[in-house]
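Next come two complexes built around chain A: one with chain B, the other with chain C.
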Partner chain A sequence: MNALIISAVLGVVMMFSGILLKQKSAIRTVAIAGILVLLGMSILDLKGIQLFSIDTREMIVFDHFALVFNTVIFAVVLLYLLLSAPDMEKVGVNYAEYFALIFFILCGAALVTSFKSLLILFLGIEIISIPLYILTGSDKRNLKGNEAALKYFLLGSFSTGLMLMGIALLYGARASFSTVISPAIIPQNMSLLYAGMILLLFAMAFKVSAAPFHFWTPDVYDGAPTVFTSFMATIVKVVVFFGFIRLFDDMFEPQQGQWRLWVTVITAVTLFIGNITAVFQQSVKRMLAYSSIAQAGFMLFALYAMSGDGKEGLMLYTVAYSAATIGIFAVLARMSDYTFDGFNGLAKSQPMVAATLTVFLLSLAGIPLTAGFMAKFYMLKAALGTPGSLWLVIFAVIMAAVSVYYYFRVIQAMYFKEPGDTPHPAFPSFFKGMLLVLAFLVILLGVYPELLLGRLYF
Partner chain B sequence: MPILNYIILSIALFSIGIVGVLTRRNAIIIFMCIELMLNAVNLLLVAFSKMHMNTAFKAGDLAGTAGTDGQIFVFFIMVVAAAEVSVGLAIIVMMYRNIHSVDVNFLNRLKQ
Partner chain C sequence: MNITIIDILWWFLSVVAIFSALMMVTSKNPVYSVLWLIATFFAISGHYILLNAQFLAIVNIIVYAGAIMVLFLFVIMLMNLNKETEPQKNRWLKIAGALAGGCLMLILVAALKDAAAKEQVASVNQGNIGLIKNLGKELFTTYVVPFEISSVLFLSAMVGAVVIGKKE
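Moving on, here comes the complex of A and B:
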């Protein structure tokens, strides 16, 4: 509850800081101090210290797992801001407002990770989505950005419509918006319940960009300013995933037989389309967009398995995937050429950046000793716990092997090709240090995943 | 009136909205179709709310508070839809300033 309220307050503070502070570095300092406060508040939540006591009528319940997840998310946002905040200056003139919108999104994230009522789920998803539409279109003169914003907005509201219809049908069947299964709530009309469940499944799959509802993702990720693509593809995606799994875990467990087949198909199609299409991309940014679809396929295993292993895997995936993707996008945002050729010979001029990028790419591909490997391992282990899933797991492993091709294309370009005519940009030493921290985190969690997982239950 | 009539009406409105979103090319009209979808949901929520209230009344709950949460949800949908409209229209205006059109067929620069 602390983090939820403080994040909304911090959003307002950032809006005022845009008026009061003239220097961009001062605004940036306020934002980073804000996220540190938020992280502290979330840790206080974890320790059981409540600064606000509000009766939410069981609509919001912060359980331990949600609080740990929130803390991890805020820590990832801290790393993201330290690494990428200077690059936001290039996007437009409203520097402070971008941070304000990010804090509002974090407020929505706190709702999506802790809802026990469909009303809160709806509000949380919308509080996340509406600022994202603005961030996508924040580069006002860029036609690609405009196009991405309009596309994202129209398709996002469309999926919201589907989600609301699902919620209305569920309300008709259950006479309550609560997601808790209790003896007091008996579904009266099973066909309404199933229709609502399937609509909610489609709408949430749309929000996490799982195939066949992924078609907006490459265009939006490609058109949005790179710093915000980084935020969208990592933090927002894993938060919505968490909400997705929480919803189906709480509410639709008795109907597992009905939705598992849908989820199986969605997982297989997502893995296939994400990985195969990524192979044919020429732009690294677009390749990363498809790679985020492919990684969503792996995260869907947590939903498929619906077990403790799956949740641990999701937590590990959050850190592994976010840390690696944020690092790659931060480097990409400073490159002048977004194609694979733009990375040619980076190892010669920037050996450190190239080395950390290699760690991130290995982690995304799932090579052992990186966090990405452990995350994928936990996901597949969880999936194997459910009967009849062997073929899906084998398929996922083959698709992971395909993904090695396009990740290694970047490594190959950096190490084995001659530099082109355009010189590579210079990277400040603080930026390089942050990249090192991220790479260290990725390797540390790959060797000792218990550092994170041990904190889930105590 | 039986609840089925309301369900059919609101599913019909919702389907008109979906077909509109999928077939029309003008961004403003697509936008209006999305609003139509949201309003179909509002209608359905109010109808279900009344239905649950009647059921509770027949079961002996004379307080009349059962089912009101559905109507409260409608207010939330209205507020969120208004917030979405303000952002969405701003995005459409921003696009119109740049390309002097609101036709979504122009949205193909990212495909290259």
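Moving on, here comes the complex of A and C:
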């Protein structure tokens, strides 16, 4: 509850800081101080210290797992802001408002990770989505950004409509918004329940960009300002995933037989389309967009397996995938050329940056000793716990092998190609230090995942 | 058979609703179409009041006749549509439209013909399910947390409108 209220308040604080503070660095400092406060509040939540006591009538329940996840998310946002906040200056003049929108999104994230009512899920998803539409279109001079924002807005509204229809049907079937299965709520009409469940499945699959609902992803990720693509592809995506799994875990567990086949097909198609299409991309930004679809395929295993292992895997995936992707996008935001050739010879001029980028790319590809490997390992282990899923696991491993090709293209360009005519940008030493911290985190969790997973249970 | 004032009102509103709906479809001038549509909405809102659903009636006027109609009018004015620019519609298109609409009507009639709700139709001063008072009570007791949270949603939408709309 602390984090939920404080994040909304911090959004308002950021709006005022835009009026009161003239210097951009001062606004940035306020934002980073804000996220530190938020992190502290979330840790207080974990310790059981509640600053506010509000009777939510069981609509919002902050259980331990949700609180740990929130804390991890806020820590990732802290890293993201430290690394990428200076780059937001380039996007437009409304610097403080961008931070305000990010804090509102975090408020939505706190809702999506702890809802026990469909109403709260809907509000949370919308509080996340609407600021994202704005952030996508925040660079008003960029035509591609405008197109992306409009596309995202229209398709996002459509999927929200599907979701509302699903919620309405579920209300019709169960006469309650609660996602908890209790003897007091007996579904009256099973066909209404199934129809609502499938609509919710589709809407959530759209929000996490799982195929075949992924068509908006490349255009939106490519068109949005790179700093915000980084936010969207990492933090927002894993939060919505968490909500997705929480919804199906809480509410549709008895109907598992009905939806598992759908999820199997969605997982396989997502892995296939994400990885195969990423191979053909020429722009690194677009490649990362498809790679995020491919990674969503792996995250879907947590939903497929619906077990403790799957949740551990998702937690590890959150950190591994977010840390690596935030690092790559932060470097990309400073590059002048977004194609693979833009990275030619980066190792010669910027050996440190190239080395950390290599760690991130290895982690995304799932090479051992990086967090990405452990994350994928936990996901596949969880999937193997379900009978009859061997073929899906083998397929996922083959697709992970395909992903090595396009991730290594960047490494190859950095180390084995001669630099082009355009010089590489200079990176400040603080930026390099943050990249090192992220790379260290990726390797640490790859060697010793218990560091994070141990926190889940006590 | 007693004819009460409610019956008279019901017949009056129904005739107005159907007539203005037909006029909306058949008008050549898009602006007239929109105005007839507004008249339809008002007539339907009257029906809601007869069914003792005050809240629905008011929301229907505010949202449909207010917000959505203004959007329609804006589009028509921005694109400068009038009687002259109205394209000549294909006859097959008209037939297809009539068929599609007829199918919808058939389904609605078939579904509602035997509906059990026929015996328990709400009317004015009967029951209290559609009253604003009850809705407000529910909203500010059971659902007060989601209600307050939705303010964050609106606030972020407002910030967004300013960010997108402000001149740089």
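Note that in this section the second predicted complex is superposed on the first by the 458 of 458 C-alpha atoms of A that agree within 3 Å, B and C clash if a C-alpha of one lies under 4 Å from a C-alpha of the other, contacts with A are read in each partner's own complex, and residues count from 1 in each chain.
What we mean here is this: a residue touches a chain if its C-beta (ideal position, glycine included) is under 8 Å from a C-beta of that chain, and two chains touch if they have at least 3 such contacts.
All of these numbers come straight from a predicted model, not from anything done at the bench.
Visitor: Is A:157 contacted by the first partner chain B, the second partner chain C, both or neither?
Guide: After superposition on chain A, A:157 lies in contact with chain B alone.
Visitor: Touch test for A:198: chain B only (first), chain C only (second), both, or neither?
Guide: In the superposed model, A:198 contacts neither chain B nor chain C.
Visitor: Once the shared chain is lined up, is A:140 touching chain B (first), chain C (second), both, or neither of them?
Guide: In the superposition, A:140 touches chain B and chain C alike.
Visitor: After lining up the shared chain so the two structures overlap, which partner does A:123 touch, if you call chain B first and chain C second: first, second, both or neither?
Guide: Touch partners of A:123: chain B and chain C.
Visitor: After lining up the shared chain so the two structures overlap, which partner does A:223 touch, if you call chain B first and chain C second: first, second, both or neither?
Guide: After superposing on A, A:223 lies in contact with chain B but is clear of chain C.
Visitor: Could you say whether A:94 touches chain B, chain C, both of them, or neither, answering first, second, both or neither?
Guide: After superposing on A, A:94 lies in contact with chain C but is clear of chain B.
Visitor: Figure out whether A:172 sits in contact with chain B (first) or chain C (second), or with both, or with neither.
Guide: So A:172 only meets chain B here.
Visitor: Answer with first, second, both or neither: which of chain B and chain C does A:181 touch in the superposed model?
Guide: Touch status of A:181: no partner.
Visitor: Looking at chain A, which of its residues have contacts with both chain B and chain C?
Guide: Dual-contact residues (chain A): 119, 123, 126, 130, 133-134, 137, 140.
Visitor: Where on chain B is chain A touching in the complex?
Guide: 3, 7, 10, 14, 17-18, 21, 27, 30-31, 34, 37-38, 40-41, 44-45, 48, 51-52, 55, 66-67, 69-70, 73, 76-77, 80, 83-84, 87-88, 91-92, 94-95, 98-99, 104, 106-107, 109-111
Visitor: Which of the residues in chain A come into contact with chain C in the complex?
Guide: 8, 11-12, 15, 54, 56-57, 59-60, 92-94, 97-98, 100-101, 104, 107-108, 111, 117, 119-120, 123, 126-127, 130-131, 133-134, 137-138, 140
Visitor: Going by the contact rule at the top, pick out the chain A residues touching chain B in the complex.
Guide: Residue positions touching the partner: 119, 122-123, 126, 130, 133-134, 137, 140-141, 143-144, 146-151, 153-154, 157-158, 160-161, 164-165, 167-169, 171-172, 175-177, 218-219, 222-223.
Visitor: Which chain C residues qualify as touching chain A in the complex?
Guide: Per the stated touch rule, the residues are 142-143, 145-146, 149-150, 152-153, 155-157, 159-160, 162-164, 166, 168.
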